[in-house]
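So that you can tell them apart, the chains are marked A, B, C and D in the order they are listed, and the count of residues begins at 1 in each.
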């Protein structure tokens, strides 16, 4: 048993110990390879860091990362002023009517008063820690693409038909031909769910299970992929695993092996973030506490070192920036699961993917506006595919995410050819404060909105939704025009002129 | 004579009595079939509920709904602390110059100071109860369609001509060939007028009678259809009855029989709301008082039960969600009155209606933005009809409602082919506080605005209004383009290219 | 000499006397024919009304209107508590650096600090009486056209050229072939200038004379047309007279005779206001003081009586609503001056005017947004003419007004074919507080902005401005499309399709 | 040694002495030819004017301007109450973590907390003097073009591609074929840098040198061109000199001789400002302190004298307004350096420039919105060139500036054909408070944003950026349409119609 006062002496770069879950670790040699940066560790050097460490690191990470000699043994809890917190248990499902946010300890509105996704966002902003809110809310640069994701699809009009018997509507679909879902809705991969609630990604899994919809599990989840898998309602509940390929490819091989063994039913390969976007709200939270950082003269001298901080950049550490189409062969060699490409943003890439026999589906996404600012809303990409290469719809399933706050948004994407639509922030905002229950309520709200929308359209099942139900005139002219398209029109005009 | 203290003991789901207009009713068996939900009744169990009950239920309803054994007899008024209120009498027409709102008892601006519809809305917001305001003001989801209804038509430009003798203008029209109206304006069906003023729908009827315009009477009026009919200025005053067909069809048969017998001159069949839209402002009023409601875990378990509340959903209870074109035959079998279809939102349905011999007119409407959010403004539908199937104008009369706040709006719709234009909220806002007088002032304002607009256009009569008086270029490109339209253009370009 | 206490007894509809400029008038018989309504007089009955009467009535009006027997003689000034104000003298031109507003007596910013038209508007809002500000600022309904007038032309882009010698620029033009102007700018007819400053229309005349530009004098000026004429800097200063034809045509004949005799050099016939627009800000000022007005039940009973008040409606009284093209013959019979038609808002009317040999010019105007709300900005009309009937430019001179706040606005209109551009409110805002000096500063500011704009365009004289200097793409698609234009395009597409 | 009390007596237009850097000057004869106006000098007459004079005048100017007899000799510093300030030394590079603004002496945020250009603007607004902020921030008239510069390019969408190896990206370019730059970014010529920080233009030079990018040096720099040249990191650092040709051509000849001798590597001839724009914010700062100025009656009398003041107009004094293409021959006769034309705003001028053998490059610029308001954003001009005369890209290099706040903006311009993109205000805002370090941070931020953008696009080097990476549909229709283009389309439609 180590004395906390002894630990406290190792509080510098030369010798740096920390207490985590009652055990003392010597992280001196690890400081400079910490994805989150050295400063974060040094601020906690010699102290109990459990509260800060816990919600953003999956279990097992310490054991993976450190050698046995760096695990110094248990601390004598009587020697520390504040006793080390226990890893928090998941809240029980039978929440009371005045639920209390386990993170901020402020009272939450009754869940039945949360009428829409915007209500959940409002509550999340009030109850999350500033750091967590900044991480979830932030998007790249000036948030133009983030806002555009919502506004573009809102400008599409719906065309309700009359005299249709809509007593019953069937919202169910089958993903990849065999995986049933009660809704054309899934939870898109989003990192660090335990920042919102101790239920974390397992809570999302339970809510998806109860509601019969797909969860895509983030490579950067704050729980292990096995923990999240074990939260399935039944073995038949579908979870797909999102993969960031690591520069050290062997790490990804190991992850894929675990994924293969744990019952995940597809791989979602993320391609829209070969480098992290600049999410200033996230970076700013770090900066504000960071008064000791010197003016980065070194940054000027060595301009290739990007200077931003923030959780987004930290999570990105180790991700491979040099994937090419050839790497699909490697991925197939590591797993026989269906492969989905996430982050398609042009019809050209959609067509390349559709023509690649290793690809089963594509997820049109701009990373929720968190990668390239002023990238197209994914609904534009969907319409671009229809305009230039509609054969893609016959070859792969097309999913879409970004900016989804309403059932009408989901139905519009289906009318234009999407197979299913993902929510990212909406699920996390449901989780914030309420845990699994909140995610369930979010799904319930969207289910009711989808059903109402389908009924008002006069449609009984998802497969009956089509182009005739949407008026896209407000954005038709905003789609990309290929140089050849422009040339053809010009040549056409020129040609007819020449003949007159 | 029952003692109120005895009544007060029956205040639970097991035994539930209420006092209404001095009589005690046992509603224990009715609680779960109450369209407005059980909670509303249980909150008033054992009490005098007249004030809450009165403005949203037509007279006669209790007798229709309850059996004789459930009518327990008169209460001894001396035993209740607050004496039961009398059914309020209609305010006398000779209002003083400083009228007092009979609902909120706040002073109202002199009626002559109300210069436009926006003034009335402002006053209504201040004087109505929060519940009534929420019910009238609310629209679906994010109110996009509600706002769009107004903004779309505001972006159409008017084209005044010069050197026209406009000393006299004739604003009169004939509806359905024989029913005269002094204006191309009608009051569209809107429910629950007594929430605004005790004059209720009868007050609207009197104002319409004095001004010589048509009233469409809501199926969900807060007065009986006979009461409203008896407010006619003369037997020749036209009232059309709006019908929500009930799931229990026999109920609708009975209503139609009463309609046939009471001198209504057309049936308006509502088709734009086979399920209620999600009017969150309305639902929220309920929710805010509803702190005891548990987190709706059941809702999650049984997702087909929609969880929203609100007056809009309550009124919808019992409405048939499964009408088809075949039901027009049933309707014709129940009445020989002309049939108008309300809620046409596409040119396809307009054409189907026009080609149906049972249909005399269509009312282009998105339910004032209260059904599908992001549905088209009705002016788009009107223009769509002209673009794709102008023969509709020759076969049925076309009416339009939604977002009307100005005479110019009405004139523009006429220029584009509408026969008459309806106001919904505007009439209710006129009623709020002022009663019949307010509705009269609203009609007077619109009459003056219509006349001024026609004079400035250089037009003497409604029939002279035409396409040449409006510039629709700001919205022409926003209309729905049929797939065949797009195909034709593409094929055209392709074809000419092929020949060059 | 009459005693004021005696006058004070005649304060009712039965016997109504007022004191004006020290003389007592019996206006009992005149009350009901007062264009501004009876109420205004009755509120001043028995009192000295000079302050209220003076700024909105031209001199000589009393003598014209009343018979000799109604002029009762001078009042004994010692008998009235407040001595009657003298008709105020024009302020002397050598204003001090801290000028004082002669109306509100508040200090004004130094004139050299007023850098643009918006500065003057801001000062005018602060220094004018609420009634005067409302009259000048107001426009019809929702002010959509008023705002559009400015925004439409602001969206046209200018195209500066380089390497042009712009040391000298010549901004002068000749109107109607012979009337020189130092700028392509004129003061459009605007009523009631003495509401802004005692200098009134004569002050505008002096400023125009010193700056060598045209003044159009309003039919509703607050000074006599002879007074305004006598303020000319020289006999060669051009003033055009704006005419509202009166229902009693003989009145207009008399006015035209005076115009002919006083050296005006053209007649501007106003055609965009056969009925007054609904300027609610103007009407509201009246209403607010008007707490005794009863609810206008009569208005409901007699809907053809429009209920609005306000200075705008009062000034309109007596104006003929039934002019036709045939009346041009009458006008020619009364004057040999060139005739300009004001208020052309369509290319159809522009073409009719151009083909009429009695017409020398047309003024594209929507009355500053004060007549029809949602009418086109005049720049659209100008572009419409170029699109559909450019021959108009060869047959008549085209002037334009509405929303002019910047020199760039003026230059853009010239590029598109206007001969000269008018300012209305801008001149009145200059007059407000500062009098003639302020109008001069307004003209000076616009002169400098025009010169700067021309230099930056690389243009030396007005005649060199052309289509190549403006990019109108932002509004090209918003112009009116004639039905034949649409038909042609459709027929064209149909036709080519048929041949493929 | 002169006594300050003696100097103080010479405080009038008759005899006007000032103390500058400890020396007394007699400027009596110079007052009326002072470009900044007489008033500014008279306010400082008889006083030590060093603080006011220093930041806006380059050294050596006094010696150039005044004769020896006007230099009266040193002042006895003991005789002045406040000792004369020394010319401030450049701040040392090793700034502390809480830097202090040398101008406003308020604490600055740590430089590493400045995450984007907007952060620097915010800090600059707080720390600069009102006069300096107004001069930098201001733009012409209503700032429409200034805002449009940013918004137009923000509405262009980027099209990220997937599966590209973007581990390495190369942002370097070569200007004019031989001058390397580490980024496609340069600092555009901007005047009066010492208003922001004593480091002035030399500080910008050092930051550009360390970062390997081009600086264009303003003709109106607040330091001598030799001082700025001597701040080069090495002889190979590129600086281009921006020239305003003077009316007294001999002055420009002398400047060009100095430029030729000091190692500048190109001449940037400014053509977008033959007269100064109306920058009201700048003019207003002067006006507010200027309560003694009389109402400018003279201005009215002599309208060709523009009345505005402000630093912008003062700096313009002496600039030639009459350059033509022929003057390029003169310029070539004075220098053999490559000639760049700055201020091209139409495709017509771009084509003329491209076909002129004396021109090596063109800088598309509207002077940062400071010349003609409502001129096109330069990105429109770039697209116009591609539409109408793409051969320009083959003949000259095209640079662009205006509204650049993000790396994405820069990359978009490159995709559309620009060679490099300039920042003006961004560099000055970096300089404000922080000096050279701040400029370095600005460049570093943009470098990182450019690199991130290129990686997310899937592009490895600048030359790979192309039209396929941008979707310009949001602005395609806003480009100038030549009359011939319109005619062709019309003729085309007419022609085909004729054949049907």
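Here, contacts are C-beta pairs under 8 Å (C-beta built on N, C-alpha and C of every residue); 3 or more make two chains touch, one makes a residue touch a chain.
Keep in mind it's a predicted model, so treat the numbers as computed, not measured.
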| item | value |
| --- | --- |
| Touch-network distance, chain A to chain C, counted in steps | 2 |
| Copies chain D and chain C - interface residue numbers shared by over half, same or different | different |
| Chain separated most widely from chain C, comparing mean CA positions | A |
| Chain B and chain D, separation of their C-alpha mean positions in angstrom | 62 |
| Computed distance of Cα centres, chain C from chain B, in Å | 44 |
| For chain D, residues contacting two or more additional chains | 477, 496 |
| In contact (per the touch rule at the top): chain pairs | A-B, A-D, B-C, C-D |
| Partner chain A, residues of chain B touching it in the complex | 141-142, 144, 271-278, 280, 283-284, 287-288, 290-297, 299-301, 303-304, 306-308, 321-325, 327, 341, 343-346, 348-349, 366, 371-376, 380, 477-483, 493, 496-497, 500 |
| Chain D-facing residues of chain C, complex | 93, 95, 97, 99, 110-113, 115-116, 154, 156-167, 182, 210-211, 406, 408, 412, 437, 440-441, 443-444, 447-449, 451-453, 455-458, 467-468, 471, 473-474, 476-477, 488-489, 491-492, 495-496, 499 |
